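Labels A, B, C, D and E are assigned to the chains in the order they are written; within every chain, residues are numbered from 1.
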């Protein structure tokens, strides 16, 4: 398989403030590396992530979008991630239905204590997106280089 | 063997065995569990040190390789998931591969089997000699 | 008058498209719309009405006008290039040709729209006589003869031949380029076909609708009529009628931030939309009744008032076919007829 | 808009080593709206903060971006700094260049490129920030302590001594917890009960403390300062007010088959029981699974012997709802199940026991009245082997990855006690490492070796095999001698790992406190806020946060109490201003937002709305900002994007997305 | 139908209602329009036949703001939409009197025209009182016959059933028209490769002219201001400047109505470009049924919608059941 090593995917990661953002901080604190392609946006809870944001990211040229939140049951706001889980399940299944690769979107539950999981998740996700190559199906042509 | 060679050999052992020797905390449960401990020159809990120190040459030459019964008690009980038995197994493989050829072919086996030979011995014998 | 065998159509189109773009009705996913011709195009000249009219060839649904880029902290503006290649617009029905004439009034009068003008100058219109006009057609009410459409060239569909009639200089030039396909022909079959068409036209329910009470001077009388308050009600405020209309010409200007600067583009807008002409203080028209009234007043009163009596409706009947609520300009005219008749 | 200031911190070399901070400053200056950008060694230092304040004052900045460590670290610091300089604190955004950039990446070009993008995103966001003002909410001056072990008791006492009401909820019939089960404590060897029971009595007698024993927390709602908690008081079948604690019922109860929880299941107790003699409250409970009367309506003996008439077979569970300002979790631990360690024959031999069981055997009130004897045959053991780290420090999925921390010391304690009382018993301890960090701990361990002759052998035991003669063979190794050992033992004691109580998961969920993979509750900061949970108003005491011995637990309990007192001492709390807000002009009143709001913060009103001069009455959503916690669930549920979250608005997040993807 | 008209006149006369929301006769035999009838006389223009496919429930948003009670005619499938609007407080129950009218399947003029029939002057056989077997189409090019079933809207072939979910009284009989499974098309598309799916929808969506007919007719799209019209979100879109915007619009629209869409099929009925928009909504309905249990939006006006609800053991995104 020839993976274009030059291809630097744009990855947007939405991380909830209480678990995953802290998990990302812990990954940093533990000096666990993951590709610099990942840029994190802090949101209070995974349930704050509007499908619009995800599509917006793709529109503007993102190659992958990942949403990270507290493990189900551990949401700081009790139930936020349960709603996020349903919303994203449906959104992803619609993207898939339209022919947008499922691997470009992902939801992961990463707790504040899971720095290792954060870093391995990001490594895996980035390499999965790299394998797919640039996102050409979903995106505004005006935003292409 | 040059240092790069021993480095690759050590890496090879780690790769074949699928274990990370650095996870060992030197608790010795492997050695405590080993039925062949007395006969061994390098003891099970020491295997990892040889891999970590990249002294594969010594490991390849040691008697323990051939005394290990592959009973995998150490693998089963190791609390650190280091699996010393797999390291020995991997070391054996590298030795056997270097020698080339198999000691036994599949066709020769049935004739050699004694009815009383326990299944486990058979399996471990294969593990040991047929690569 | 010239003619060519119908079986030669593909070869003819290939010949034109070798040098110039050809826009013509093409079937895609079950619907026929104007598109650029290529060898794989499913050309469809049988469908009477494309969903969208031919206006989008000259006045696309959206087009970038200029791009603003930032160099350090300074701003640079780059205008989009104007059309500079010749192209052919093929298979346009009489109503759509007339629709372009309406657009000309808007875009070619001062201040001239340079984007539109450039396209008009470079485009040759090959029109198509309608063999089988439909029940929603009422072009005749606007003085259009669908058997004899305007255009640079007009084609008539007669039996195994397409008859070719160049009407302008541009049309003559195209005829010359295609000389190898065209042979001289007698007008008789065309005349015969036209008779046939005109007979059908007489039978269609809307063709003879009267526009007598609709003119540039009717503003206050029509505007204040109580009819509007009743007939607008089914309208759901979508933009279908406006977007498929060959004469609607309103557009909105918008900005879009790309990676390489901000594009200012224009796109069709619909007076039926609640945010049409939205300004800081709110909307000009605050109810759907007002928006509904605006559209028909503009077509039948305001436009003629400003353009020597020319209506900005050409009777293509697309809105009659496509309105989700089955309300349309015919129903409006009839409602007024009834109301005024009662008076 | 006056302009944005960007302040890039080197964090010594923490950021500067992997990020070209000068380049970040240079690039920031090109962003629209930026009028000031600078870098400095330590922005969080006084000098650094002064630079920010100075720029705000001199350049009249309307927004500040600090490119530094995680906002979880210093966002508050920089917000306060901005506030002091006259800028609304919510006009500050942090670009996380340390934890999420410089510490993650090694290549300086890569790091710098990412830092520039993160900075750009923060600038894009801050330019859409709006000034926010925190609201206020009241504080209920009462604390809830969940768990009545030493941690819970100590926390409650400390809070109560400061003059605040405290309720303790304890799931078992008596407070006391694990410490009550212990015989002696290390390294002083004083009697556990002797130091614990006075505290239990103090707690029970304290006028500010109310104990809900045999009770569980059922539901928690609300937020810091204003929690509402449902407590289930399980039916005791004994009237607390009438019972005199005479114990006649327990004596007469004919159903004595239940295993005593307090004695680690080593002997039996009646169906009506108090866990132990010094139980507080000293009121028995009837175990409905054992009671003949409750099971099949026979017997009824206890009611007959009770002179106080306290037995009430018809009693039912009762739900008490109370309000609290703060909640302390002190749920403690359990010893792990040993199913995964069958090589040590725990399930095969009665003489293989856990250390906690040994505590009960050694205890005068225990099943053997304090005599050291084998449970199989009651004989005095001659050889005892202790095995350390059973289930602790495991990297496989059988055990726990962590060190249980207390085992080394209690094993030394047991070894000393046995050698002291029974000098003819040989004691061997198999260890991996002996960990004795603590005051007088190592000395204690050395005394076991030097004074009491305990045989410490380095090497984990491979297996224990029960022999036909009733003895046990311990297959060990002496790693220092490189010899395999087979030790014949009469008794084997396993230092089994400890784990958080199983209820903690449920409680953490109710409290929305996060827990780690081992079910320990996560602290707000591992170093700087070790007794607080990230959820405001929830505090941690004892082993629920991580393994601890008694003195550590007591100190943490005190620390948690101080935090609670600090909170309860306030009359008003500032609320998070990042709350949801509906645009009433466009709201449909469809209730989608209220359906997903976990706090019931959204209600509906028919409001007269003025839409550019057109007045209409609409049903619109109204957010109670005191109840709203700012999760944003409503913002996505709202189909028309009318509900927005202040501080994390749609436009702000989209601006960040755009900036990142640019 | 006379029974219906008489009853409506009765209700107008006794003051139960002050107006009727029904359908007004068209002039081509197939183009009736939704209409508010304010008097008994006006009802002379009333019609209820096979071409009255338009779902009137959304007009009651407007109707709820009018003075007095409105009589609304709802077909069985329309009652689902009405319930959903009721649940979302967009219509008021006490402002409406509902006559549930029977349905024998509604007709799609596009399907008749697609058979090459042009120049239609009248259609016979669409009367609700008739047998509804065959249509006779008079055209300027001669008379044509069309089987009723062949002219029926797609949605009627996969009808949810002829039971009214909310009404004050029922009139006229229904005939079962369901002869297919509504998820067949969804299944087919799900079975395609990503390339084929993309190709299929790209082709369909490329026709979209962003006229918003689908949105404006949709009873679930009842927002005072749509996100795509509002500048609050930076999401305003007016034209399909780029293919992405079509996808964006339709994904978000489908998402916004997910769990609320009653599958009334109006979106596909009104699309001027014949895009099978209902496929998006059906996809979500199918997923919701599969993932979270059978749910029919609008079956009642109380149950929580699947997207404002959850269970602790929901499927993880990307997982399949």
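Basically, contacts are C-beta pairs under 8 Å (C-beta built on N, C-alpha and C of every residue); 3 or more make two chains touch, one makes a residue touch a chain.
Since we're looking at a predicted model, the values are computed, not measured.
For the pair chain B and chain D, there is no chain touching both partners. Counting steps between touching chains, the shortest path from chain A to chain B takes 2.
Summarising the inter-chain layout, the chain whose CA centre lies farthest from the centre of chain B is C. Using the mean of the Cα atoms as each chain's centre, the chain most removed from chain A is C.
Every chain gets a centre from its CA atoms, and the centre nearest the mean of all protein CA atoms is that of A. Chain A and chain E have CA centres that are 37 Å apart. Averaged C-alpha coordinates give centres for chain B and chain C that are 83 Å from one another.
The centroid of the Cα atoms in chain C and the matching centroid in chain D are 71 Å apart. Note: centroid distance chain A to chain D, computed from Cα atoms, is 29 Å. Along chain D, residues 596, 637, 641, 650, 654, 658, 662 each make contact with two or more other chains.
Counting partners per residue, chain E has 225, 227, 233, 235, 241, 307-309 as the residues that reach two or more other chains. Residues of chain B in contact with at least two other chains: none. Screening every pair of chains for touch gives A-C, A-D, A-E, B-D, C-D, C-E, D-E. Those residues of chain C that touch chain D in the shared complex are 70, 72-73, 257, 259, 281-283, 286. Per the touch definition, chain D reaches chain A in the complex via residues 70-73, 96, 98-101, 103-107, 110-111, 113-114, 117-118, 121, 505, 508-509, 512, 514-517, 522, 534-535, 578, 596, 598, 629-633, 635-637, 641, 645, 648, 650, 653-654, 656-658, 660-662. Only residues 28-31, 33, 48, 51-52, 61-62, 132-136, 200, 203-205, 233-234, 236-240, 242-244, 252, 254, 256, 265, 267-270, 273-275, 320, 322, 324-327, 330-331, 334 of chain C touch chain E when the two sit together in their complex. Those residues of chain D lying in contact with chain C across their complex are 30, 32, 611-614, 658, 662. On the chain E side of its complex with chain D, the touching residues are 65, 87-90, 222-227, 230, 232-235, 256-257, 304-305, 307-309.
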